[in-house]
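A short worksheet on the structure shown next.
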């Protein structure tokens, strides 16, 4: 019998989830004895909480989110990784007034609701000699590119490098990008898989990660065919933006979902403490589980 | 119609009716004999309706001891029910399906007797004012209660219909305790076993006037005409509200 | 006929707005652009539209039933009213983002949690107007009922409730008008499908014309539901002539 | 006094719910936890609460004025009604996410866009109930006015409008109850302050108790505004005795 | 009071009044003389109110040619206005502030004359039914129109007040074209220059009855009593709606 698994995505289905969607469509999960149900929420903050509450087995989340939630006492552990580098970036319009980070002084920056964008931005600005007080922060929710293109803001933090630039391009605009990890923010895992600490099923998790690894390898080898499978899995997925983002996203997917770099977590936890997002770095063993 | 076991007398002891500062009556003591029809007369605004509502237990702080049927100055027909259902409203509201079914033939007969036999299925808004008043009368009579309070029940009826319905009411209400407010002295003389005139502010109630003979009386009777003069004089004697 | 003219009029107004204000396409695409998307992505839009329509109608049905029941309970019992009315008012202040995980926890990822959320938005105008209506019964009728030794629940159901039907109709109209947004809010809870989902996703991904095609469908659904409700509501009170139209 | 008892009752109900269902703290924190945060972060909460209260009240005021004006216009003119009523209905179906960029474009990121959004949510119950009320004037009064050669606008303002005040009160009550969520939705439009903003932020950071402290404040604001509106609404129709309480 | 230029006569030519299938009257031709008071009598439901509403242009498809004052069967006082403002409603609705200010003393005087001089500031719900009817009468008289239509204006008044207000109305409406529906034959004989009886379904209108002498007449006049008998006979002769 197949092991039933309920996996919450971090947001609506998009090419970041390529390995998961294609694994399901091609029967890779089934091959590994898993019957995986993928559920896409509208609110990126809900999935880890629902996993902690036992409403799903796994959730796709972000490293900073995990560390903040664990610091708040949620019983979550990281079991794997989907994208082992930051995607987040600060973007401005190329033909806009902002050429360097220092040019943001006195300007408006939009951010979405991820909760830690503000901290990333603060670190980036400080690397250019500014502070958060030098800019006006505006929560533009998910309409990052719209806010940017309509010049309501001069820059947006929280833009994913594989999406927002393409989005600008599709709208005949060009973006100027600052990568977070190159501008004062320690590097981190953008997309990870989390589970509930008390109820984690190690054997099943290994099967899941193995299936994801297999799917990722196949994706990278057959990008065009994989796009066909992905874009047909839901009518709303077959868009120009997804198609453009697809080629930028595939190389970013982690070849080895079981990889774990503890130092990266410790460094980033220290960063979060420094930025005041958490009071104390949680002990790494409580929320990191090596699945190798 | 139905055999009425006992129609109680109604007594008022030291009653006080007031709306804010306006004292309608103070320390009123009064007895309405059981099984008889008492007609209340009085100038407009003297307090007849208030007294009737007091007796019906409808004023704040009042209660009533026995079942009554009450016909207000407005018809109070429910616009979403047809006439038959309006007449049977009491049975509906008491939730006694058996009694309601049993009362239905009487309701039909009553509606026919007040001249609305052809309009059983009409909604109230399709009727003239007098028709609505007749339907309200049928509803009151259909209630079949030992005590019946009626506030100007014939005010919107033409002279002929009025006489007919006075007869009908007198016949159907025979043996019950009826208190009927009217502005028509002749009407009071025709169907009242006793008449009482309210006067003054706060009002007091004059002595009972008891015309001779059984009800309904012949309005052409000269004795009645004499009493009518006396009544009008009594009404006129009080300042009333017209200066 | 009339709805058609109105729809065309609205489209013209929209096109005019888009032109007159010179709003960029990625903020307010003109209907001509939206029409193209509407045709190209018809399948997708229909698929999501059916979801939303189902949520709307279930939410409205549930909201009407729940609202009417609560209003009647409030009118019948001062005790219930004292404790539950503030809860009902407070329920209107709770943003979906705070309550969504709870709903998923209790009702799962299926349609139930979405419909519950939609009903939460929809039921309030019904409770409020119907309860107001129940409080405003002609006192003459209540007096009459009292002299008839009416049972309290009969007074409520046979007099106060029919007399409050115009108020209920008023509430039902509001409920129908907010049903689309109720459904969209409901789509924030749990798994994703429906026009609201499509809209959020396409807006976040710069596909504004697709988002507005979804919005257009949503508005059509809303108008249709409103007019259907209005029709039924007018039938509810045949004894009352209304002056408007 | 009464509001206090009610508040305590609600808190007890909430604590009981949290205990009985065993919901985790990070989904529904018990009031005891929230109370601690309420005290600890009092300054922050007050600061954001003032913002939201301002948005609520401005939104309500604007919504009432806009709603009443539109209802009167609709009652006065069939032409306006035919074209604008569908627009008004459609306005209720538009999710904030679709309209936020437009509002920002036109009104900027200041308070104006938030208040406009809040008013958009709030005005509808007022238009709807008041317009319904204006349609239901006793025909006897209208006949009387006609025999008096009344000017149309005098009939509207002197007869139909006062007669519709109970309906307006009904709508105003709903408007007051949805004002908090209107303000929170408004904060979705490019916010950087307010209880809704605080709630979103703290939920994203796993600080559920803080989010619920904000929610608690929001509910208190909502109840206060509702009761204030209810009071004024009752004064509006002194000639009408209501049965409830 | 005010000098009335000319009180037109009213004519009905081939009028038809129907509610759905129910034809109230068909092909009615009738003339109401200008400057005189015509009293309409008829059984309840015959169509008096309908005819009055037709004349007032209140039925669908009808229009009226001249200014009128109309007093309906219900008082139609506005609950949110006090009595004085209710009486001045017409001026308010015509939006003529000047005329309204000029009419205010008359409104006060009229309210005093109908016995409500002490109640100017009261809201209608604080009044008895008869008081409300008197306020409605005052409102109608205050309108000062050449044509006045009144539907049972005295139905809720006691005998004495009724006589007083009949006198008042006769005095104030002298020289105007008045059409007054009443159920009281004596009242009609007292204040009507001419009387017309409606009968049948669809109704037709009987010949004009013109009692001798100027109005208001003395109700004790034996000639009137004779006419009263004739009127009642005429009413009774028609099947009416009571079987």
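The letters A, B, C, D and E name the chains in turn, as written, and every chain counts its residues from 1.
Throughout what follows, a residue touches a chain if its C-beta (ideal position, glycine included) is under 8 Å from a C-beta of that chain, and two chains touch if they have at least 3 such contacts.
The structure presented is a predicted model; accordingly, all values stated were derived computationally and were not measured.
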item	value
Chain labels contacting chain B and also chain D	C, E
Number of hops, chain C to chain E, where each hop joins two touching chains	2
Graph distance between chain A and chain D, where chains that touch are linked	1
Label of the chain whose CA centroid is most distant from the centroid of chain E	A
Computed distance of Cα centres, chain E from chain D, in Å	49
Geometric centre distance via CA averages, chain E-chain A, whole Å	84
Geometric centre distance via CA averages, chain C-chain A, whole Å	35
Residues of chain A whose C-beta touches two or more other chains	49, 53, 142-143, 146, 150
Interface hub residues of chain D, defined as touching at least two other chains	23, 27, 97, 101, 105, 200, 203, 240
Complete list of chain pairs which touch one another	A-C, A-D, B-C, B-E, C-D, D-E
For the chain A and chain C complex, residues of the former touching the latter	12-14, 39-43, 46, 49-50, 53, 55, 142-146, 149-150, 163, 167-168, 170-171, 235-236, 239, 241-242
Of chain B, residues touching chain C in the complex	53, 56-58, 67-70, 72, 74, 76, 78-80, 89-90, 92-95, 123, 125, 143, 149
Contact footprint of chain D on chain A as seen in their complex	44-45, 49, 52-53, 65, 68-69, 71-74, 108, 110, 113-116, 136-143, 146-147, 150, 152, 277
Chain D to chain A touching residues, read off their complex	23-27, 97, 100-101, 104-105, 108-109, 188, 190-192, 197, 200-201, 203-208
Parts of chain C lying in touch with chain B, wherever the complex brings them together	138, 140-141, 143-151, 154-155, 158-159, 162-163, 165, 237, 239-240
